[in-house]
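I've put the structures underneath this note.
Two complexes are shown next, each including chain A; its partner changes from chain B in the first to chain C in the second.
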Partner chain A sequence: MPEAFRHESRKKSMTNKEKYINCFTQALEVPAEGVEKLEYQGVESWDSVGHMSLVAALEDAFGIQMDTDDIVDLSSFEKGIAIMKKYGVEI
Partner chain B sequence: MGILKGRKALITGCNRGLGRRMLELFASEGADIVACSRHRDDDYRSDMESVVGKHGVRIFQIFMDLADAASVKEALGEIGRDHKDVSVLVNNAGIAFNASFFMTPPSKLRELFEVDFFAQVEIMQSVARLMMRQGRGSIINIASAGAVEGGPGYLAYGSAKAALIYATKVLAREAGRYGVRANALAPGLADTAMGHVKPEAEIGKVIERTALGRMADPSEIARCALFLASDASSFVTGQVLLADGGRQAW
Partner chain C sequence: MLFDLAQCGSSTAIYAAGGRCVSYSELAQEAGEFAKAAGGRGLALMLCRNSPGMIACYAGLISSGAVPIMLGEHAPQDAVAGMAKRYRPQLIACPSAPPGGDAAKSSPGLPFEGAEKILDLDGVALYRTGLADPPALHPDLALLLSTSGSTGSPKLVRISESNLEANARSIIKALGITQGDRAITALPMNYSYGLSVINTRLMAGAGLAVTDCSLMQKPFWDLFEHGGVTSFSGVPYSYAMLHRLGFERSEHQGLLMMDQAGGRLGEALQQEFSSYCGAHGIKFFVMYGQTEATARMACLPHELASSRIGCAGRAIEGGRFSIRGDGGAILGPMQEGALFYEGPNVAMGYAMDASDLARGDDWRGVLDTGDRAVLDDEGFLYLRGRSSRFVKLFGNRVGLDECAAMIERRFPGTEVACTGRDDLLLAYVAGDADPKEARAYLAAQTHIHQSAFKVERIASLPRSPSGKILYSRLPSP
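And now, the complex of A and B:
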């Protein structure tokens, strides 16, 4: 698996919120501080490539398969919480 | 030779024509197959079982009707859930339509684009993501020599296939850094049911301007797909492989 798609969000002891934050910090290589304010293209690492890494991280962490429309809509940390809800994941 | 041993190949339109030939060839080279088809009758099932018996590979049958968005979505869900290890995709299924520019109704144009372009892109988007996670993959989109040369009577089919070629190049550029290759295979006239959709007189004209002076046997096209699927083409991406018997060699 390419480095960009490696992450460690499957730890059972973590809450969904912790797992969700972990996806962002690991896929986008950003610190946890300020992660809740993150928006697409708001940091250098969240470009189109980083976006696909983030999607892969979320799919693996929560065992879901995101529709293309939702991948496109994933424009911020906040927006992602609403999208996760569609897949039955409460953050 | 087993050059696809250990690989899992997803092929659409497996029940006949080029797709059926590719399935047999890929299986003979050791690939497990995710066989997508909109047909699932007893003859088809028995045919798939015969391939399994002959080559000792696994075949996973998935129902997918490219004209039905719900069917495509459901099939892609199944693929994402059960076949995360697919590393070859052949976007082969498609429909043809012959009519002049002025005799092509917008509804037909939309229908062709729905099946020959939109559904194919949706499959690519989904399967390429699975491949990116593996760090490898080869996507082969079956286009058409007609999409490259342009010709009277093929507004809908040729335009949709030309769009597919463009999408292939975009994907090649965006997914390349993850080890995923994307190429288009553009066959000339092949001796399949779809190849015979043209009137006989038209077929004769095409053969006349084909350097080899004949239609392609489906196995000749399948071997080109095998090349693109295998590591023999490991540094080839974003290309259109014209397998047209020299139709455009003039």
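And now, the complex of A and C:
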């Protein structure tokens, strides 16, 4: 099976919640444990650079393009769930 | 006197979150309290956060003859402690509460053993350290800036009051800053470029919209949209963030000027922002500077922003560039060589320890920038790369050798060689250090995002017979 395809099928089998958590753990390079409590600048890696990676990861994972207001509003894991809802993504 | 704050009276000096306005006379009064508490000439370590109180403290210390060493409030604790031990400051100023006012989180850099709080005003606490044997300060010395604060390097640039004044005057002229201008603090005040935004506005009697939030935070944009902001200054990474946020897709009422320094802006972004600004009546200035020149050395007039993509501009008023060959001979137009700058803003020199603070002007107005460049026949500057060993990571200047030394200290028995390019530092480790741990350590110590670092293990470092690392023989990235 080609690598890209396998990746795609793995992605499909994940729930939105799993994908959402993955975005945080990968973009911010943090363990999944405690991810629900994450806030902007709450960990070293969630600075403006980490934020750019996080937004890119979310857009990529859910096939959306976030508005400016939503990008700067994404100040915590919790807040992001409400923002995703605006784009029709239920976490 | 550098700033004559009281002279501007009731006009607004600082506008901050929540609609807070600080007039020039209020700022003068607040600065006066810091000056009074400081009590005159002496060394002061400032752990800076962009806030109205910190700006008042800075202005007060400078006017009282105190010499601030400016570091960021997030500077690693051991770097702050090392700095205090090495330079023996009599005063330490830092935010009274940790970021976000969350008292549960420990405040960085505090407490200092034996320090006595002498003033707590507008979110800034001023302590007398009680450290013995205060260093002798040269009469011209006014300010000490770190070139590479994120690695905790003790190396400082010694800046005089006439450096500060000359550079601020040239920048005010180059950008056409007037009293009606209001700049937002998008860069940290302990960074030479960020500080020059503040110095120029206070000197011109203009305004500052003050925030410590990043471009990725909503409060920054609330202030930007509602704070009467007319000008924005950013490093290349700031412009990358603006682009990501779709800044060019909207109108920005009231914005009249944008300037960029702190590294080379990619040509695509320069193209993008020069055309956006051109179409919206915003003056866009590409600039070039270094802490060793107080802040800035060159400016590209906004009329040329879109026609001279890739150009860093011409020397600011009072300054002059020359290109020198390997033997020191001055080269002609379009010949690549080492870039030198002469001007009244060239700092006095470096300091490595307290005894250097008594030194006079070592550089005598001439700076070897460490950059490679060409000048065209009209004196326009085109940068070609670095000849010295540091990289810019998201706008932060980071010494390659300092990073190597940091990993070697943390992981004894490891040898490290660092190379890099814009926004990537590559460390090759030979020995016991776990690459993943070393990478996390670099990010934590420098306070720069992990994605800027790559650490790879190799069997051994390539070395010359005399033991020098052969960077050219490292695996290509």
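As a working rule, the second predicted complex is superposed on the first by the 81 of 91 C-alpha atoms of A that agree within 3 Å, B and C clash if a C-alpha of one lies under 4 Å from a C-alpha of the other, contacts with A are read in each partner's own complex, and residues count from 1 in each chain.
One rule holds for everything that comes next: contacts are C-beta pairs under 8 Å (C-beta built on N, C-alpha and C of every residue); 3 or more make two chains touch, one makes a residue touch a chain.
Note that the structure is predicted; figures quoted are calculated from it, not measured.
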Original post:
When the two structures are overlaid on chain A, which partner does A:H51 contact: first (chain B), second (chain C), both, or neither?
Top reply: second
Original post:
Who does A:T68 touch here: chain B (first), chain C (second), both, or neither?
Top reply: both
Original post:
Which partner, once the models are overlaid, touches more of chain A's residues, chain C or chain B?
Top reply: C
Original post:
In the superposed arrangement, does A:P31 touch chain B (first), chain C (second), both or neither?
Top reply: neither
Subject >> chain B/chain C common contact set on chain A >> reply: 48-49, 52, 55, 67-68
Original post:
Which residues of chain B touch chain A in their complex?
Top reply: 73, 77, 80-81, 122, 125-126, 129, 132-135, 174, 177-179
Original post:
Which of the residues in chain A end up touching chain B in this complex?
Top reply: 1-2, 4-5, 48-49, 52, 55-56, 65, 67-68
Subject >> Partner chain A, residues of chain C touching it in the complex >> reply: 99-100, 214-218, 220-221, 237, 240-241, 244-247, 249-250, 394, 440, 443-444, 447-452
Original post:
Which residues, counting only chain A, touch chain C once they are in their complex?
Top reply: 29, 40-41, 44-45, 47-53, 55, 67-69, 71-73, 75
